[in-house]
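Two complexes come next, and they have one chain in common, chain A, joined by chain B in the first and chain C in the second.
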Partner chain A sequence: MKWFKFWRYPGKFDFYRSDDRLLLIQIGIVVGVLSGFASVGLTWSLSAMLDSFAPFRQLWWAFLIPALGLMLSSLFLEKIMNEGAGHGVTEVIYSVSKVGGLMRLRSCFSRLISSCLTIGSGGSAGPEAPVVMSGAAIGSNIARFFNLNERQRITLVGCGCAGAISAIFNAPLTGMIFSMEIILGEWSMVHIIPIAAASVAGAETCRFLEGNRIAFESSAFHITSYDMAACFGLALIAALASVMLTRMLRKMHHISVKIPVPFWLRAAIGGAIVGLIGFAVPDALGEGYHTIHAMIHGMYTAGLGVAAVACLTKIITTSLTLGWGGSGGVFAPCLVIGSFAGIAFQRLLLFAFPTVMWSGEGLFALLGMAGMMSGLLQAPLTGLFLIVEITGSYDVMVSLIIVSALSTAITHYFEPTSFYLKDLIDNGSLLRPGTDQRVLSDISIREVIETDCIAVLPDMLLKDFVEIVKKSARNFFPVEDQQTGRFLGIINLNKIRPYIFNTFLYDTVVVEEIMDSDPEVVFYDDELSDVLQEMDSKNYFSMPVISHARFIGMVSKATLLDKYRDELKAQTFHIV
Partner chain B sequence: MTRLALSEIAKRLNLHTETFKRWIKQGKIPVTKSGNFGIFNEAELNKWAAQQRSSFRTAGPDEKEENCFVSCPLLSAVKEGGLFKNIEGRNKDDVIRSSVSRLSGIPNNLKSEIYEQIIKREKLSSTGIGKGVAVPHPRSPLKQGLSYPMITTCFPDKPIDFDSIDGKPVFVFFLILTPSIEVHLNLLSKLSFCLRDSTFINFLESGPGFEIFLDRIKTMERCME
Partner chain C sequence: MIKTLLHVFRNTPKGREVLLQSLYFCKLTGVSIVIYIPEHPKFLMYFDNDAVQVDLDKTYLADPATAKQHAEDLAEKAGVFPKFIKPKNFTASTLPDIPVHFDFMCCPRIIASLSAKISPGHIGPKVRRIINTATFPVLMPVPQFKEWKSLVVFFGGSGIDVKELKLALSLKRATGFPLYIFTQAEKTPKDYFEDVLAKSGLDGEIKKNVKKWYFFSKGKFKHNLYNIPHDALCILGAYDKEFVKDLIWGSTVELVQKTLPNTLLIAGPHYIIPPG
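Here is the complex of A and B:
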């Protein structure tokens, strides 16, 4: 029986103790394969659902299909799974930065089902974020099963995300980079290797089940210097589109929460509007991968106006779907919007400079996608590598770099935080490794408290107090009530220094008269970052800590610096 | 593999127990937890500790030697220093030189340095504290060559002018040599407590023997506590 339990504690095996990388690689491969299965499962069920609804698309009541899908999806998430709506990536980042990568077991499949309902019925959203959440939950729960510590669990969450992205796009490099750039926010050796292993495992699983296909294979482009110049304009267009999508998503959410109807009805209304828009612009429905195919291969025939309208419509349907209660990610819609923007820009160029030989609309669609992705996610590398891998065109690398970098920079000007991180930053729960907030949030007051202060009674004479001063190593003396032990005030030696050498006062002054009876205090359960902020704003070097009206100890900046350094070193130990 | 109580490892690493437990949970330290015990590889933890600021002490916390230097510092310092009578010399410098030369257990080259240091301090201001007593000492504590603090009691053969604050010639002086400021202050304050007592001054004027002198110091030091 003991042996039976023992294998669930691989962290304690002598073999893995000195270096757990091998353990993480092995478990990471398992996580990668499982997230690969999750992503292939979602892709298959999505295409099955889209196929089965295809015959009804032309009927007049077809707009009710997305309504029903969104309603079921939101009901499923809220009532059955007890999870809020949303794309899932934010939840994963939250769990990594706040709770050491802990995720619920049900998250392994909850988003898969809800996003399948949303997207399969025609809602405009992407399957990637749900798969990422599912992969992350798989990694986290496997780590919990094997009783791994937080650092190892976070690595496995990263492995799950990498496996999921690499499986759904058949893009192992993107999986790795996505995981490091967006989910974990740190590039450390100890993470890279297991994540790379998981990424490859995810991609191989997908290739084994679906064959090695490149999602949007494109023909080679002949890129001229005119095209290069056009990149700058395209980056601007893509950046504007991503700013528009970010703001629209937020606005739609604000509008939807103000409507006084139950959440499922709200989702249904959103779905119905999406369905109605779909009559006019069918490209704006679903994940939209077939549209991207057409655009990259130069088979998209519509002109400037239609492409621009389609781009705007897709932004609206996506924000309606996600903002009103649907479930899914922004990856796929982002690609669609980006390629529409690219096509529209190319049509504009054709109109403006009819004599120039442009390289073909496929290139612009592709660059538009990269610009859009990098702008929205504030992650230029993810956007860049995703496009290179899913289109298989390495010859467009230079133009991709220009568009990705520029678009990230321009979007950053308008929207300084990425779409995924906005909410987390707003409520202060984004804690990237090695940052000030991270270090402070890890240390608790109980770890830095100094308890060697000597308490004095309020009716003590100054003469007796001086004797106490002789014995103490501290400058602060809490005054406590004799009967109840309640904290009454504090004596700061620095403030009374001029008087304690005056022997005439020794028998006439009592402690109560020299104490600060209303000092600024902090409480035992306060966050250290708040305490420090308080100290900084008031220019204090130490403050008394109170719990239930009793004095516990002092917290001082000097001790804090000591602990802070320890913590920072321990935290960044594995990064080098 | 070593197995120790968590609080014990934390103590050896000089860490707060809460911090230590959290680090194990977060995987920041190469120790695994098993109930209330931590399991670790000694060499590996040493390596980790060396890369951190703190060092891992393999032995248990070194108990402070329980000796008389802690319990009764004045008596042991006076005992260590010894008592000399009939120190010759016509002036301050002479008596100091000859008393320094009588010090036991100190190498000769250090003696000349001690002498210079004491003279330097005397030039700054006299250590004659009145009532015919002086407490000459070097300007800064001796960094080496001295393992225990010592107070040497010296009686010149005739009272010497020491530029004391009350102008009285000095009939006894205590040469104070200590390895650190803390000890110096502690000894000086204890000695001055004794010297405040006029019966003790009278006792000194009677020119007591070493044994009787030590007995008196012993009782006085006990009084202070």
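Here is the complex of A and C:
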């Protein structure tokens, strides 16, 4: 038994004490493999579900299939798993940013099952976010099992995300970049190596089980200067599509929560509408990978109008699916919408400039995908490398860079934060490493409180108070009620100097008359960032801390900044 | 430094009894009460190395309009100044995060939607998990408010037992109530326990503050529990053993809570004695 206990604390092994990267690499590989299994499991389950529903898609009641799927998905998450559904990737970023990478064990599998029900029934969503959530939760819980510290746990959460993305797209580089760029928000050596190992482990697991396939392998493209020039226009179209999707997702969620029906009925209604739309535009259903295949291989025959309508429809069905209670991610829909946008743009170019020799429509489809991904996620590297790896098109790298960078910049103009981060920023929950907010969030009022103030009574004579001032090294004196101990006010020595030196007042003035009875105070559970802001705005150097109407101590700017420096050092020592 | 107790308030007659117990504890020990009135059927507590999700019984959401007033009235009658917390952070829109920087937490034996499925003699899995993870002890009151007038600490000679002895001594100082020690020694001689006390530097304080040491080397633990005063607050350490041992031999704390109708104060393996 002691042996078992010993192995649960590998961080204490002498071998890993000087450099824990070796430990993180080993555990990271395990996390990557398990994330790979989760990813392959979801892919197989989805494939089985989609195949089993395929014969019924043409029947009149087929619109009820997504309705049933979304309803079961929301019921499963809310009633069976008690998850309190949110967007998977956002929850992972929240966990890394705010709670040291802690995630619930149930998250290892809950989103896999719910997203399988949503997407398998025809809901417009992607399997990537659920797999990311699952991988992150696997990493977090393995870290918990081995009693690793917060930094190591965050690295393993990153490993889980990298392994998952790497496995589902067979794209190890993308997995690694996604994890660093979107999930962790920092590029440090201490993270990169274990995450790279996990990413490779995830990809190898997928290759072992499914073979080394490239998701959307494309043929080589001959890119002319006209195509390069067209990249600028395509970036604009992709950026507008990503702004539209971001806003529509948000809008749909706001509309749906206002409808006074149970959550499962709301999900069913959303699913039914998606199903009905699917009769008119079948490409708008499911994760849509077969449509991407057709577009990249130049087998998509529809014209400009149909492609543009399909693009808009996919935005609507995705928003309905995810906004009304379905479970899944936006990666796959993003790729579909992006490729539709690319095709529509290519058709427009053909119409406007019929004499120009444009490259094949497959090129525009994959440039559209990169633009859309980069715009929505505001993560140009993830978008760029994802497209390169899933299509194997290294020859279009320059065009991809142009579209990704421009699309990110244009989207940023309309939507300053990415889809994943918007809620977190609005709630003040995005605390990226090394930022002012993050450092302050890790310091509590308890740590900076100064308790050496001498309390005085309200009916004390000025003469007696002066005697106390002589003994004290501080400028602040809290005034407390003798009976209850309640905080009544504070005396700031700087404000009462005229009285102190006037001996005529010594026997006539009492403390109550010279105290500030309504000072600005800080409460025990206040955020230090708010306290510091208050101090800055009102030019205070110290403020009293109150709890349960009693004076606890003072918090001063000098102590706070000392502690801030210590915390900053502790948080950034590993960044090489 | 002010010590605080977290209480999750249930606005029902049963919840009132539990709050009365918390208020009584706070009044006697000088601890301040922080009350959370749930607005969602679940909440998360992020401890140092674990995230515990508590899925509440539906009754915790009963009559939210009167909940705060009821809690304030009870606190006022008890002469305790309450503070109400509202969650600032949410893991998901319906899943608030409750802070964990308290010195005590009051938990009824069961605080979960599965209460109907758990027999009354058991500690619910969520409460067990909180005890296992928290750095603060958990006050586990009896279902009906009952004043306690003495303190009994269960001492088995382990590391957690020394910590709980220190906790008991601090409560003894705060309340002035008589303190008893209960030891089920089996075959271990008393010298061993006295040695542990001496090594931890508590022997002098124990001699000065402990009224009686119930030391049993014979008889069944369950039967010897009869000696514990009916109006005592029992302080005990929990889950210090390996999970597998607990599974095979049963947990002492589960046996105590099943047998004794007393309010318990349980310190888990991660309990940290607060400074001051």
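We take it that the second predicted complex is superposed on the first by the 573 of 576 C-alpha atoms of A that agree within 3 Å, B and C clash if a C-alpha of one lies under 4 Å from a C-alpha of the other, contacts with A are read in each partner's own complex, and residues count from 1 in each chain.
FYI, a residue touches a chain if its C-beta (ideal position, glycine included) is under 8 Å from a C-beta of that chain, and two chains touch if they have at least 3 such contacts.
Fair warning: this is a prediction, and the values are worked out from it, not measured in the lab.
Asks: Which holds for A:His222: it touches chain B only (first), chain C only (second), both, or neither?
Replies: In the superposed model, A:His222 contacts neither chain B nor chain C.
Asks: Contacts for A:Arg565 in the overlay, against chain B (first) and chain C (second): which applies, first, second, both or neither?
Replies: So A:Arg565 only meets chain B here.
Asks: Have a look at where A:Arg8 lands relative to chain B and chain C in the superposition and call it first, second, both or neither.
Replies: neither
Asks: Specify the partner with more touching residues on chain A, choosing between chain B and chain C.
Replies: The partner that reaches more residues of chain A in the superposed model: C.
Asks: For A:Arg213, select first, second, both or neither according to whether it touches chain B, chain C, the two together, or no partner.
Replies: Neither partner.
Asks: So, A:Gln152: does it touch chain B (first), chain C (second), both, or neither?
Replies: First partner only.
Asks: Report for A:Ser444: first if it touches chain B alone, second if chain C alone, otherwise both or neither.
Replies: The answer is both, since A:Ser444 touches chain B and chain C.
Asks: Which partner chains sit in contact with A:His290 here, chain B, chain C, both or neither? Use first/second/both/neither.
Replies: A:His290 sits against neither chain B nor chain C.
Asks: Shared contact residues on chain A for chain B and chain C?
Replies: 100, 444, 446
Asks: Touching chain B in the complex: which residues of chain A?
Replies: So the residues of chain A in touch with chain B come to 11-12, 14, 17-18, 100, 148-152, 442-444, 446-448, 563, 565-567, 569-571, 573.
Asks: Which positions of chain C touch chain A when the two form their complex?
Replies: 1-2, 4, 32, 40, 42, 44, 46, 49-51, 53, 55, 81, 83, 85, 88-95, 97, 99, 101, 113, 242, 244-245
Asks: For chain A, which residues count as touching chain C in their complex?
Replies: Residue positions touching the partner: 1, 4-5, 82-86, 91, 94-95, 98-100, 102-104, 106, 144, 147, 427, 429, 444, 446, 449, 451, 524-525, 527, 547-550, 552.
Asks: If we count contacts the way the header does, which residues on chain B are in touch with chain A in the complex?
Replies: 1, 15-16, 18-19, 22-30, 32, 34, 39, 41, 44, 48, 51-54
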